[in-house]
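Letters A, B, C and D mark the chains as written, and numbering starts fresh at 1 in each.
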């Protein structure tokens, strides 16, 4: 046994319920555990096996104006190129030790690209997506296929595809990236490959519709040449006009008496993989919510964490003991089992409809596939 | 934004490839990141997104004689009861900060029960199993069903079943527990419930065959009353006599020219859920290996980690840069992507056959279900 | 044993390879078989277990002009109402004994509804769809949801949904129905319920978009309120404009060098269930083909049968020993394992593009789900 | 359109509810339909789309003593060899026109092999099994693996495996074969290949345990070298001792108060594929029942048909309007949706336990996979 000279294990015997009586023999036993790299369950069980999830993460809000201001400054100071790879700036949950983790499993960042810039090509096992809260002019190039990015568009990017970005516009553009970097870091599944430092002139083309969209972008229609379930979605952009209309239709159907919403005044859609109807990414679920003016959602707690970005409208968000006013672009994180409730502002919204629109991503696929998913809607009878 | 007064984020600007030039403006930007709880990708990418998994864990061996000696002392000093719940002592990987983690996802512990003792009833979402390297006399009581434990037996225990243990023998008994505690701790999916402090006299019965075994313990035969895929195996013990014969048959079939082994001289079986043929637990794979006398297995690297316990025989194990002689009961951990090779001792074994028998558990189901599984067998041409 | 007085079994002993010598004892044995309702394999095996499928059905073409003329006469003579249920006239394969079977598993019919007529509500386990080759003005009302029908639209109708039809136009309308009536008749799985004799005035509304389309008609977007795999597609119409554009895009992508077609000049799409990416109906696959001007498809043989309707253009179709010139609306059947090849007319088409468009339905899901699917593309080396 | 000179379609206009008024014009229309090979729905719907399955098949009993006597005579008169392939004699349902169909989907036959005889090697897409009600001494050789056959053994044989039979004993042996011949004949999916006319001397070996059993015959244990779901079971024999004990255990568990049976006094097991927990064959379900002395099962009706063979004991079987006394070896068929109830004789059984043991096979996998399965247990309130 090649134990290190100083053991990282350090045990303190304390009196208490379920604990052994502190005696010299017990102290001696604990020194033996330390020497042999052992830790007893009985001193750790309260933290390791709690009655319900007690997240290491904390609810937190990041204001878009501040994110954008800092990203803009980075645009001037930080080059985009091989090595650093991306001008991406990640949300660091305040209780996760300063690591670039929005939650224990999720990465959320603002990415920023200056006019004419290319972000170099690479591929990695981490599953990713982009979502655009404002602006346009960047094309993501996936395996040579140029995908335009515009306000409201959602672009999934399953692991191990070559991809680069190109800003074809005359203005900088910002968007958000979501990845499962923290999860893959913890379970140690990551592979990464550098691709070409520069993409070709041909790939600087700015097609209005990507090849992906032309093959997979029709509802319920699959190309026979590419039939078969895939781990990640072959549809590489989900256009805002579809998302918007789908949400509007749900609220109209509800008004006509036909349901369709998840609760009164709360429309919600999920982005899905057309080859199998599952989530667009193996580890990440992505959804969009529209909460009608003045509506308050029921508080729901769920295993796993989620990150939201306000797309439009204004309102108030409550996560556990935290509560914030939110407006366009603001991002917040909901840790595991913390109840979330959202109110759309009753008046004074600067959007036409007065609805509050939110983009959401979370790690629910992990939990569902591993038989660990639970959700609970709080009602008056629940203990606070 | 309710940032803490002292940010946990701390950034240091350094010159280097892919890094921005260090200027006062950059320092100012980094202070802004810290204040707003942001971390750039470009300073972290080398660690976060490596070219292949570089495990935080270290290969390590724990000798059974030492484990058993310490567990025996705990038997005299540490009571088993409500609060501490179990007299279980976990392997703490030397490079994981003293936490009771054999690897970033797996818990492995020796559990010890004195004659006549009961471990109190509880249930938890953590998936668990027991494996018995020596001894007998304990019954695990799962939802009231008493399961005997004897040398070589493997007992899966999927999450959220009530269970307790009872030592009906006149001697102490030790066994090992494997769980996904670290994984569930990281992803924050854990629920835990206390059950009865004492199980009933009726549950102190010592049936030779459990109800589970009587319903599900016949090859290829399912009770029509309980048809349907379940997340965890309804078969609650996998008896040594079956495992032993299955391994012996593989080596015989190979000798007769019909294959059946995973490589020459290396028999391997997987414990499976009879309702669906999948792994016995949603997050943990369990296998048994028999390596014929003098055989050396090919070095294999795999995403995810595994823990082995030597069941019989002796040999030499190499994991990455580490190498150990092993004998009965010894346990070792193989971190993600570290190559593992095992040699069965060519002579001098104290077992009849001279084969080296090893029980293995790992976290491969996570990776397979999330499209993250990779495996690679090293050959002469591979870079060292 | 309650054998009928006259056995339906009738055996004739004949000399031949693999056959027993004809003797009085053998004749006596055969009389015993007949009496006891037994049939030996050795007299039947050649027919029952052929080297490859030899279909009982025959390739056949039905001309649309004749179908439509007869349906129009039926419109004047045959009422639509409870009992007869539908003014539907089915293709009867010439070698299936006059039964209304296009093939041993598939029903194909022209249905005809006069202005203002309602077809009464019912539901049945038979899976169905409608496809519109010309005209418009009928709404199918499924569980109260009105679905418009226009040229090119495809409307799946999975088993056991209540449905009725209403012609809101001032002209008659014809379309085709496909069902698995013969299959369900053979395996005896059919249930049928009468619904309301007349649908309500409210259901005579003529919405441009159905509720189904508003919930499920956006590419890759699912309503969170209705997540979950369903046996039949919840999307109740697949609009022509999407089908048309998807086919056009495939031919363009091919021209640009990016593939997408199933073979050069041959675009093909499959209608899929957005909840799981599978076929829209549990027993029926539906596809659409566009064959560019002058292109000839490779001859392909497949287990199972299919029915095609020409949607646009003209060309020549060869099925086994049969060959026909085809134009808009014509329908033909391809029996199991009969090679099919199609040529789009090189010139003189009355469609703009000169392409030949065909709608197809077949029974491939049966074969795939039961591990019986085979397909083979004939090449020069194959025996004719 | 190449219509035959004499159309197989023949339509008769009749007055009646839901039918058009019989006029010369209608007669003329019907002649047009006949000429163009068309059949209207309105004249056929009552037969084609009934309110519930009305089977073309009839409940029927075949007595084993008669089957065996005729098979024995065939043993003397009919050679086994290439062309006829098997000395198998099939049950012909009295209402299926003398075809060798026990039901519209299932083939059931007695097969008979004389001492020293070989049945030649072949393979076919039809899924098959053997079940042994008495005797022993034959080995089925599947892909070169010799599988012994003894009383109570069940041997599945999924489509497209090479197989032959060899009688190594000094006495004739009979057993039953079940296949999906009628189903595959109707849907036209059949392929058939002749193999070697004679199997090798080496394959005349009479191993006590097959290779299949040595790899797959341990409960919940899979060989790592062959992991993966397969369409047919890789376990090629299910030994009587396991079936017997599993059934006995269920009745004991019920007596002890723990359930396990499908209804009081009625134990039932299903043979399953250990790679996925599904049925052993893609199209056929196989089960075994033990009905305790004096017990009467609840009448159950199910979509699809089944065939039973009495394995031991005696009793009375009721299927729809038919009822028979049954004893060892007797076979009966239960058509679709006909209620089945079985009473085990209260006394006078020649088996020790007094239980009635029955082997069952049916076509339920078809229905389940195609979303067509229904079952209903009749209670006092149901219409007779």
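Here is the rule we go by: a residue touches a chain if its C-beta (ideal position, glycine included) is under 8 Å from a C-beta of that chain, and two chains touch if they have at least 3 such contacts.
What you are looking at is a predicted structure, and each value in this text was computed from that prediction instead of being measured.
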Most remote chain, CA-based centroid, reference being chain B: C
Geometric centre distance via CA averages, chain C-chain B, whole Å: 52
Approximate Å spacing (C-alpha centroids) for the pair chain C, chain D: 29
Computed distance of Cα centres, chain C from chain A, in Å: 44
Residue numbers of chain D (touch at least two other chains): none
Pairs of chains, among all present, that meet the touch criterion: A-B, A-C, B-D, C-D
Touching residues on chain D, where the partner in the complex is chain C: 1-4, 7-10, 16-21, 23, 25-26, 29, 32-33, 36-42, 44-45, 48-56, 60-63, 66-67, 70, 73-74, 76-79, 81-100, 104-105, 109, 124-126, 158-159, 181, 183-193, 231-232, 282-283, 303-305, 322, 335-337, 363, 365-367, 369-372, 374
Complex contact set, residues of chain C against chain A: 211, 214-227, 229, 233, 235, 238, 242-243, 245-246, 249-250, 252-253, 258-262, 268-277, 280, 287
